[in-house]
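Quick one: the structure is below, questions incoming.
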């Protein structure tokens, strides 16, 4: 069947994007332990070989569904992240652009459980009902963690005759999408399942960045700048900011870099000890008269655990999630987990605040900031807004192209489809030997703290 | 001696501003317990009769100091508040406009202790050194709580030959200014002491509002809007935001009004019980599917105390301060206090969060936001920036007019000088029978919660 | 009939607010030509005696309409101004709080002509349809200039059985409201007509400020700060910004004060000559290396007229309007006027830009900024948002109190009702001998330029 | 000589980045006329073959200068662009990190002419003097167009013993850098010349994007959202916004996409006729009741020229510049040019405003917005701030690596060095057959307008 895209601009079915774009002269210059740059660095024991090519995303000349017959559903899962409304809006816009009737587009309420829990029937989504939502934070569908009851979900896919299901979620949501796809296939249902990877922690493998990350950094660095103001206004002021990042310190690293005011940035990937940290902070206080520390919620869990305060409450954290191959931020056997299966972390922010107060006493004026949910709930920057639009469009193009079990993402500045399993093998992490981390620690003169 | 103000526009020495501008037909319509509107409502047992007139602020044709001979100092005290830099800048600008030489203007470092502690010598302030600081948060002088060692301070006033001292501070800072003025007078030193009242809680008697309050509300309502987004995105989402306000709920009330999204606003002046609150919140959750609660840090201290978590750490609170005549937010006998003499409050935010979680369990998705120091450290809105300018100018005009022991403020839209004791008798508080509170609870349908 | 306002907080019918709050020692200290401070300064030939008291606004215990029987309409007139949606929302909220049925509240489309032009039937306004509009710029009702066909309007008031009409508009809109009220009375129709004064130029007599003005200043000073950046980045950079202000320079004066970066502020109330201006600007360029000039659209019309470019196109101006008693900004006999009856001004911004380029040639790098409609269309600051809410509430309380031909406003920090004719005698203007203007020109060292 | 970069993280001298990352199945799917995707589309007659590899940017283990002996200069050229201060700051930071003494770093004033014009001696740049400038708009060095007197510049390079010159500029600035490098080489001077490509229009070949572009889009879409508010508030409201973009419509296209409110986006690369445009706009007005048009300053020059208004004055344009191979936006033979050699465009914004008014008369309420210099002068988004940092660092690493005649940029998400001539062959342009343009016109239903 032919696409009614009037303007041309079709993508070729065999167009593909190269994932390996760097040729390193040596293992050392690649910053990788494994001796090859074409890997994702997970931790010192784990390197994952990346695929070499990915399918180019975009509209195809030939499409595999008759738009007039399509019934589609979209669901948002996990913690809030800027851009959810933008994605939902553009899935709806693109479906109707193809010709899918408005009363055949369903919005599943409050995450995956919305497929089967009775309290909240799906919404019918129309161009009108999504009009303007791209300028608002949150998700008009509602969201929740967990709820991945695959049998129940697939039963509804069958019952409601869904041809397309779009799952916007993190590692957990994409894993669920993958399981749904397998079950759908097993049962012989003609339903395309397409993921849109969402992680405010930016810890999804392979993709250049996750939507909402740019917005989150913009808001996060406001908290760092506030901490700087507090630190410089107090006598030996010590500003401490906790940011999101269970397994991966991307927000902390990037916001620290953007703000230009952080003296010590602590992330899950780079261990530190209290004595070294206290020595560094004390030295900065002596030299500059004030100091700013940024800590990712998943950093220093060994240290945080001694404080005994669980972080679940105040944090706004818990965004990434649960691949389970990584030490930092993951649930130790027997540890408590939340509904997404994420370990409930000890609160490293509160712990460091108390440690700083105890150690420095009158020699530091400690101010602690935890911006938490404010970061998750703001509307998108223009940059993220456009990104979300294209992801939403791309997800629909993928489904119409007959793809299933794939997720859409930005790779080397191009939009591609990737098999879901490829992106959920492990959370993406900051490479402590990579250029980005090196740029930060050379620009803020941060020593080795372990 | 004559003022060199070229442009004219002098204020008359006997110009005065009327403080009583409302004529009530009855005690009831005044909303006052005491049967008269011309009072400040403190609490049900305390009403303070206001003066009827105040001196108009502004430049006088005749001035009482020879600008070329003047040495002046400015100090900022207590917690951060948006606008401190603006005030400092305009004190410096106005002094130099009068003709005070730039090397005779001192900036005292880190609050009152900066007069006598050796580590931090005063800065010399010039037009150049204050250029552009009005666009930055914090205080370029540094600030701290306490340090009101009057003897040591007056010793430096004498030693350094200070003719004018400008004290930007809260109730505590103004009380110190008053004590300094008395001691200066006692010792026969020719030094004018002028206060600029600072309270992010907006709890200074008589003045229309305190500088920085407008800015604080603007930022505070961002947190409320974020809570609304979180609440509507979760299934039975319950957003809880703690804002500043030890004795007085002005920020909580005003930000709630501005946001238009708050279902229950809890302030120190209006008691509530947990059963009533839980019933109201549960009802809202049932009706609307989500709920937003805003709590001032000094509200419900009886309830918070049961939780056992001191608030000193995470709050960004502690701004107002210490009149001691009021129950809510004040130190019980034997209670711990901070360096400003403020009682260390129990953390009502954390307490309510835990109570909500415990009570509603799966029936509410609780998200807690504590924007804390972010509110204190941001740059001013235009409105506050202008206000700070005029306060800074007015303080200098007052000193040159030969006034001492006064503070400058906005009263009925006019700038006036008030005797310091008049404004520090007690913290200003929200009148639970007044129009402002009534407007909020009628607009958000908040029932009596006690 | 009794008010069902559950919370109490009623205002007394005889509560009143004093308008004269300043006692001047002399005519000179009042800054007034007319020898008395209790006047509004219009221009050197015109002073208007202000009333001494105003009726306090707010809910009454006794109300004069049965809410269940009330049909009400609201209309927004003239140019856009931040806050229109907030006012509309709160009129609707308050009407329904009283008990007016939702299907009896009409929103007139696109200004006064919406009463009688067939293309755009009135909207039915409900709590749901106004939900969230307070966070958006513009007016959900639409607006337009002119359309004050009183007979046609009153015919619809009669036809539709309107008991209350709320008119949100400028001088023109309020004049129409007054005429409607007179005609309604003449025809014996039982309809209360209540105005809400709207002027982004802030040129309404008697009230402390107009809604939207705070927001407009906040955005306007962004343009001034941008001009400063451009000016300091160029060699002998000269930044020129045109702001709104047909008859009154309040926005230009206030934004200049807020920004702290303006070297010359030109307003309609203060004449200037080109030679003096060029000399001042040249001197600033020589001394500081750059210069920023802010000009109100109604300033220097004698000079602008020589340039021959009508301003109607590019300006975003034309907000105030048409009292006609003042020279600056008003239509000369035979001059062209817009639909509101405002004179079409010559474009002083373009004219000054060209004059500067011609005069300074390579000796100044001129950058011209005209933020125009951006200022009119942004959402409100918190400060304005609250103000609009209370105005909206107050307008409804006034109508239920049985008042008609009144307008609601803030006077000496209190909300009052004023007879419409009192506020539309003339546009309110900056007093060139007053403290506000004096504060600006002393803070930016601006000489007499005429 | 060895790098003293303590933290490791060196880049290999032979590390390289692949520029060709897409494999197209056909010429059609590449969207390219020339039948190959590995080209830059310039216009229908011009395709430029891209290099296949670029050198990876970053610090080298071996460096070619002794930092203690290095004297370096940095200059900013052309129109303002967000991020100039960030680049300057990080060049200074990185030079001093290498060990270059602070008194050997010169800041050239007001563009290239600052090398030789006497009025403005270079600044000495220190870590302290650049502290905090990353949070301010503009350039602390000053900038200007033109001034590329190569002989005079090289004379100063010799005279002052400069080892490194960093040129931050557009096509013009990079062309000058290239010429300087050739002359330096010819004269045998040991000076590395490194460019940092700056174009707010984003029209530099090969690089993913130019710094400041993200910030410019963020601000530009505010103007579009304002136009939408104006359009929906007026009866048949027609909002028109002129944005920057002489040869290339990237800002207009991207801001239109981000805003989601634009009905017609007009860019230099895509021709349109007035009848088609008027028909489309009229149709949108009929259907939706309002319409928003976004026009890039270089679009429709044939149409604009008929209006006869040169755009030089009001535009804030003139950012890109002068490759001269392209029809749109370029100087026709004999046309007037500015100091950068850019053609002075006719003002298409004013022209369209007048055309719309004339054509639609009362059938459209036209509101015209030209945000101009406001966009150029704002501080950077976090995204751009980081980008600028890395560019500044990369430029210094390149010079220390002994590279000269190169420019630093982001390519396929990696930082690289490119030979200057490669990026200035022609301005980069929007491909009318590419995916980006297609995404916009399918999302806003924009027909072919030519």
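Read from first to last, the chains carry the letters A, B, C and D; within each, the first residue is number 1.
The working rule: a residue touches a chain if its C-beta (ideal position, glycine included) is under 8 Å from a C-beta of that chain, and two chains touch if they have at least 3 such contacts.
Note that the structure is predicted; figures quoted are calculated from it, not measured.
Engineer: Of all the other chains, whose mean CA position lies farthest from chain C?
Structural biologist: That would be chain A.
Engineer: In whole angstrom, what separates the CA-based centres of chain A and chain C?
Structural biologist: So the centroids are 46 Å from each other.
Engineer: With chain centres taken as the means of their Cα atoms, state the distance from chain A to chain B in Å.
Structural biologist: For chain A versus chain B, the centre distance works out to 40 Å.
Engineer: Just give me the whole-number Å value for how far the CA centre of chain B lies from that of chain C.
Structural biologist: Roughly 30 Å separates the two chain centres.
Engineer: Hey, what residues on chain A touch two or more of the other chains?
Structural biologist: 225
Engineer: Following the definition at the start, I'd like every touching pair of chains, please.
Structural biologist: A-B, A-D, B-C, C-D
Engineer: Which of the residues in chain C come into contact with chain B in the complex?
Structural biologist: For this pair, the touching residues of chain C are 5-18, 20-26, 28-31, 53, 56, 58, 90, 93, 97, 134-135, 208, 214, 217-218, 221, 225, 254-255, 257-260, 381-383, 385-386, 389-390, 393, 412-415, 433-435, 437-439, 441-443.
Engineer: In the complex formed with chain A, which residues of chain B make contact?
Structural biologist: Its residues touching chain A are 80, 84, 109-111, 120, 136-139, 142-144, 222-223, 225-227, 229-230, 232-235, 239, 313-314, 316, 350, 353-354, 357, 365, 367-374, 376-378.
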